[in-house]
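Structures follow.
Two complexes come next, and they have one chain in common, chain A, joined by chain B in the first and chain C in the second.
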Partner chain A sequence: MKQSQSVLSCYAADLFGIASALYELGGLVVMHDASGCNSTYSTHDEPRWYDTPSMVYISGLNEIDTVQGNDSRLIDHIAEAAEETHPNFIAVGGSPLPNAIGTDFRALARLVERRTGIPTLGFRTDGIHSYLAGAGEAFLAIARRFVKDPAARSEVSDTGDSSVQSFNEKGMDDAALLDDGGMTGRSTMTIWGEGKGRLMSADFVDTGTCKEGKRHIKVNLIGATPLDFSVVGNVVEMKKILREHALELVSCWAMGSSFEEIEASARADVNCVISSTGFPAAKYLKEAYRIPYVIGIPIGASGIRRWIRQIEMAAGERVEEKNRESARTKAGKSAGEKSNPSLLTGLDAWKAGELSPDQAELLIIGEPVCLASMKAYLEAEHGLSKIRLLCPFPDAPKELTAQMNLVTVEDAIREECKKARYVLADPIYARLMPGEPEKFLPLPHEAFSGRFYRDQIPRFVGGGLSPTPLERLLQTL
Partner chain B sequence: MKKIAIYGKGGIGKSTTTSNLSAALARMGKKVVQIGCDPKADSTMNLLDGQPLTPVMDYYRDHDEEPDFDHIGKEGFGGVFCIETGGPTPGLGCAGRGIIATFDLLEELEVFERIQPDVVLYDVLGDVVCGGFAAPIREGYAENVLIVTSGEKMALYAADNINRAVQNFEDRGYAHVGGIILNRRNVEREYERVQTFADRHHLPIVADIPRSGEITYWEDAGKTVVEGNPDLPISRIYQKLAETILEN
Partner chain C sequence: MICEEEIRPRPVKAAAVDRSGCETTMGEAQFSTPFHEGLKYGAPARGSWTIAHSPMLIPECHEIYVCCPCCLHGVVLSAEEIPGGFDRFSMVTVSNENLIKGDLEQMMIDGVADIIRKLPKRPRCVECFTSCIQHFLHMDIKLVYRRLREEFPDIDFIDGYMIPTLQRKFSPDALGRRQLTRAILKLPPVPRSIGLGINYYPLDRRSELVEMFEASGWTVRDFAALKTYEDYRQLGSVEANLYFLPNGKPAAQELEKRLGQEAVYAPYSWNFEEIRENYVRLAQKFRLILPDCDALREECENALLLLKEEIGQTPIVLDAAATPRVLSLARLLVGQGFSVRAVYADAFLPEEEADFNWLKLHAPTLKARAIEHYKMRLLPRTEAKEAGKLIAIGQKAAYFTGTSHFVNLIENGAEEGAGQGRDRSPHPTILYGYRGILRLADLMRAAYRQESDVPAIIQQKAWGCRG
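Entry: the complex of A and B
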């Protein structure tokens, strides 16, 4: 029973991560499950549901179809819906029930694609993994299947002329799709300095074997979903920071970019991984197109400086176009065809993790990239020390959790909270400390508490943590 | 890496055939993984001196957590890495799901990447009774299926069902039936009966294994006949089958 949760909630599940990642890309997303579970997704985990149309469907799985493994009805319904909606692609995954009877979603995708002629992605979800694995797999599938070879795009030149829109100038809402009013024309040529800083640590920067020479920097933001950033302007703020530093945004995966812009992502010089969900795709794009990636969120002025410096460093080492093409042919093929372990298989859901014997001044609980970026910000700008990071996701990418405690068992998290002087986390974690409200600093996380505390979610990108929790923290320390 | 699933009617000799094939491949210097996909969990016993192997599902039941690489299987004769999926307590749970869970674990632990086998053999329960028992022939697992049958009516009936099931799955990108292994029971006109079946389905008979007391003798000693006496004619037939598989 050690894996039971008595007061904590659970994070958004894998299938919801997929739906969130693909929400704005014009695909038909099918959740194979009994009717009802789509409302959990739409009402709790998807703030765009109320104002941004998307083709997210539930299959309405029933008992007899489950017993008989009747996939044909699902295929018929998907084909029927696709005929009406003409999606860019189809994605299908399932809840615990289809998983329990061994539904083969990869085979289903093959059958649907043959039937409809529309590219179809099948996801082996189980409703037990978190949105990190689900959205991570979705972005990875997009990278593998739809990102186009930049050498084949004749409209893009090496001189900086770009037909791809750069930024969403009009909308300040993260959910707003990019329109034709974005920045266009010849991009600014800027000479970047030789930055030596690190955003978080050396482990969080992977530039690959690249070469200097390209000075006009184009970037993708990868890993943007409301589950991590809500729709309070965090993603828009990141785009604004890029623009202010004369960096060109090729695409944002996947808030505010069109499907066509995502397809053109391989034009970028650097991929900016802004949450764990973007990490698998960034790794793939590095293997396939030699695009280096940096990992982190620009929080505070110091965070912005480090973020931009890391992007410049990575871009400075970017591989030449011809080498990239050569590498794509070899490594890309290998990366695309290799049977990589799925993010959605293994899961030790009741991992206690390695508890720390030391007391922490501040314990932060949450998604790994946000955790590391928040720690860097608090240390650099507020002089905090003895900050401990706790990742509650057993399926977070291991490369991102090396510098934090991976603790998923409620009792163990409670013990860690007790040892800390202050805890910065989603308000639901306050339930672990019912008698100590003064030591809890709320930082709502949409993927954990859904819409419950949505109006309290801060815009932490750019200027730093919003005043309320931070001021309280600084006043007390 | 060649990945082959062995199917056939219950009791027809799938485990005997698979184990002897593993042993023969091992004698040729090949690295082999044999995975028993049957709740009985007796596929690999004769590669392990007659000792039963703790199935993955039993490990889960006893330890309340998944086995690590050192506990998922065991090396047997010739370095054959033996794994048994096992299954739930009879009458409870879902055996097919146990197979899928074991395959997930193999992927998670990167078992094939660590062992780097030349050949993986899946020894699967006789009937494809649910999705779990089709898991070994899904995309990414076995590429070919060999059906073990005798000339007995019910064995051929089961072989026909298996062949049709695999054919039905072909548009899903699943494995193909690569041939028939005739495991004789000494019924009348046995070869002709199986040949007729094979011709009707355009399948080759890749091995003709006679009934042999030597097999039983060595199994009583906890070994495959290939391990016990590789020079026997029956052992050489298994050896020839191993060569055929490696060549094709």
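Entry: the complex of A and C
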């Protein structure tokens, strides 16, 4: 039975990804639900909740409004709060019941915006997709709606429509070019390889159609949420690495940057996608502003070197300034939309993947960008080989999972764990291997186990994985 | 190691709001809902139990949630945080495919059966939880349980519901408590046995209520103190059930209707006269020996007098999660001369109207403050600092005022003694009657004298719950 989970948890849902991504940006974020979603998010997924007064609320959806399809109470309540608090924007998404009755959040956003005069984002969430899709759509919406064209700073988006439903499937075809495994020579993604002609990992650099540029590189970090990085200093460490290499941080989406800094993101020469959640926005910014992107997390000294080199390479090929300033054409914007199919509309949630019969020395389970970067680090600095990556997210961007097994079914994950000599994953996965604690290496993931193992989450950016689990691993290999 | 720069990022500024709409005075407040309903905020005070925790009261019961991921993520991690909780918890994930295909019944039957077969030990009881989406789409729940009972005749199935959107008849908490009784079956009545339920904490055995029954030869079976599944089954043999709060009423009525066990209300009260009336009523009904209420009252008044001499006019705030009868407690404290500053509650129970009217008359400047109102997220939590010292009774009151002097009281339950520590496995018991007031006085004195690590304590989920 694919959908039964005897011992595993499930990942944070799309709504929580949206709230987490937008948490620090001064918006009014509303989950259209009766009660539980807000408590779940704020208890387990949001370490900033106690002291950082972000406006994330629940609507208090009730039965009669659901039956009658009555959105007016929701709109009234949002307008009431917005008029008092003057948020930078309003964002609203729904839980399973609004999804079941087909609540049109795009229309709802228009109504709220018309009434309040405040930019409003509507998300077609369903409480079923993962936080990757939710946070990804949130960052994408921010990119589409609020990032200012450096060439036309006064320009204001006029659509009021940040819904994700307008994307078509053509973009998915483009994205599939990743599978060719090498430089495509087109404005599509290339996989970066290094040494001995092998692919190091799924670390990517997409230079688009960029041309040679000059130094003083400005970058955005895109895809930072506590769901992937917790609050143990990983994001701060990334910023420090940039500073130490004389790179200028324009903005960090979205931990530690103001809304205004995010708005100015198009000043950057390169976008650094540090989790899957940043990927849709980076793709859009490439299409709209010709900003190339690099995908990966700098783990270990080798990871830092690689990351910086890729940023410099991407920046070096960036589009000439005058081209970029005029880049936000209708064609560019349109292309940005088309190349970003919604992650929230996929239906195939249960995947057993095409499992390899081979034994793996090490199986790593988690978020795709982290997986790929961790693999590169372990191969480069610890000489590990036969590392297999398992992505448990059915809605992860397909471009990022080409080098890994996509497996969401508990029994199938258990089988993969059995085949591996060691497993590096969130501690909850250890329950798939009762009686084999020696083969499990914990790497807590806040989006999966919430706050429960937060004090064990390592600062893996920069210096690499904390020595304790690694030492164990290396001693035995 | 937590990074301060990440957990408390600088760019986030709270919008400046005033207190209009989320604060009023008792003199001006309307009964029973003093505040306008709007967007809701969830304060990070987590001690109250949720639907993921209450089934843990039934020994050897395994919980299986059949819901969408947004619901599952919360309940599974809530169970995870309870010592031993995760071993009693599994889930079946509803996805969009099921909604489109309309195979909700089959997926639940298959999923639950699959989990039961894989469990290392066969559970005596399984409480399955379905969510709003299945009921909104009219899943045939009777069919599901019929099939499951046919396949697993040795297991008692309980139909649990996590349906916060669909609460026409019962609140989620009241419904949750009621369903816990569903596997109690009729047994031959055992004379002089009484059930207490359904509370999340056991009643303090030292309370005069327990004394009254036991002194008269009664066996007291407390739902919150069950040790084995047999203990749970034995609840089918009691003559009557006492319930203490309105949310326990549907459970008691269910047992009355199904098993013929009389439901008797013995409300939590902080009012000396009401406590006496309760005891007189119970003594007459069950032929019990009435305790010396005058002496007990005098003992309480002396204890409160001594307490007042020590804490003087230190402001006190209290919340409705600490005790269901929050206005009754406010009335007691005001009546004894304490400086009660504010009561946090989004609504008051119907049975509190007399206390409400008394406070309106005798403490018209006492503040009534909302808990869930959206502005409560934004108002500064500096009241304790400004007051110098402030005692909070309840986790939410402590959070909103920023005090470190607080009584960790949740639904009338508190740790034994004056414990305010961070122990993850405390043993709270219920404060009830006169001796409940005596214990409260001790707890308030301890709170006045000692500071607590409030953030560490109140963020723990389901205080006192065990798997």
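By definition in this document, the second predicted complex is superposed on the first by the 416 of 477 C-alpha atoms of A that agree within 3 Å, B and C clash if a C-alpha of one lies under 4 Å from a C-alpha of the other, contacts with A are read in each partner's own complex, and residues count from 1 in each chain.
Note that contacts are C-beta pairs under 8 Å (C-beta built on N, C-alpha and C of every residue); 3 or more make two chains touch, one makes a residue touch a chain.
A quick note: this is a predicted structure, and the numbers were derived from the prediction, not measured.
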Touched partner set for A:106, first chain B, second chain C, both or neither: first
First (chain B), second (chain C), both or neither touched by A:24: second
Larger contact residue set on chain A - chain B or chain C: C
First (chain B), second (chain C), both or neither touched by A:460: neither
Partner chain in contact with A:114 - chain B first, chain C second, else both or neither: first
Which of chain B and chain C A:257 touches, first, second, both or neither: second
Touched partner set for A:284, first chain B, second chain C, both or neither: neither
Contacts on chain A seen with chain B and repeated with chain C across the two complexes: 100, 348, 350
Residues of chain A defined as touching chain C within the complex: 1, 3-7, 9-16, 23-24, 26, 30, 33-40, 42-45, 47-55, 57-63, 66, 77-78, 80-81, 84-87, 95-97, 100, 126-130, 226, 229, 231-233, 235-236, 255-259, 261, 347-350, 428, 431, 449-450, 452, 454, 459
Residue ranges of chain A in contact with chain B within the complex: 69, 100-104, 106-108, 110-111, 114, 339, 341-342, 345-346, 348, 350
Partner chain A, residues of chain B touching it in the complex: 65-66, 94, 96-97, 100, 104-105, 107-110, 130-132, 134-135, 138-140, 169, 171-174
In the complex with chain A, residue positions of chain C that touch it: 1-3, 5-15, 17, 37-42, 44, 46, 50, 68-74, 76-78, 80-81, 86, 90-100, 107, 110-115, 118-119, 131-133, 136-137, 162, 164-168, 172, 374-375, 377-378, 455, 459, 461
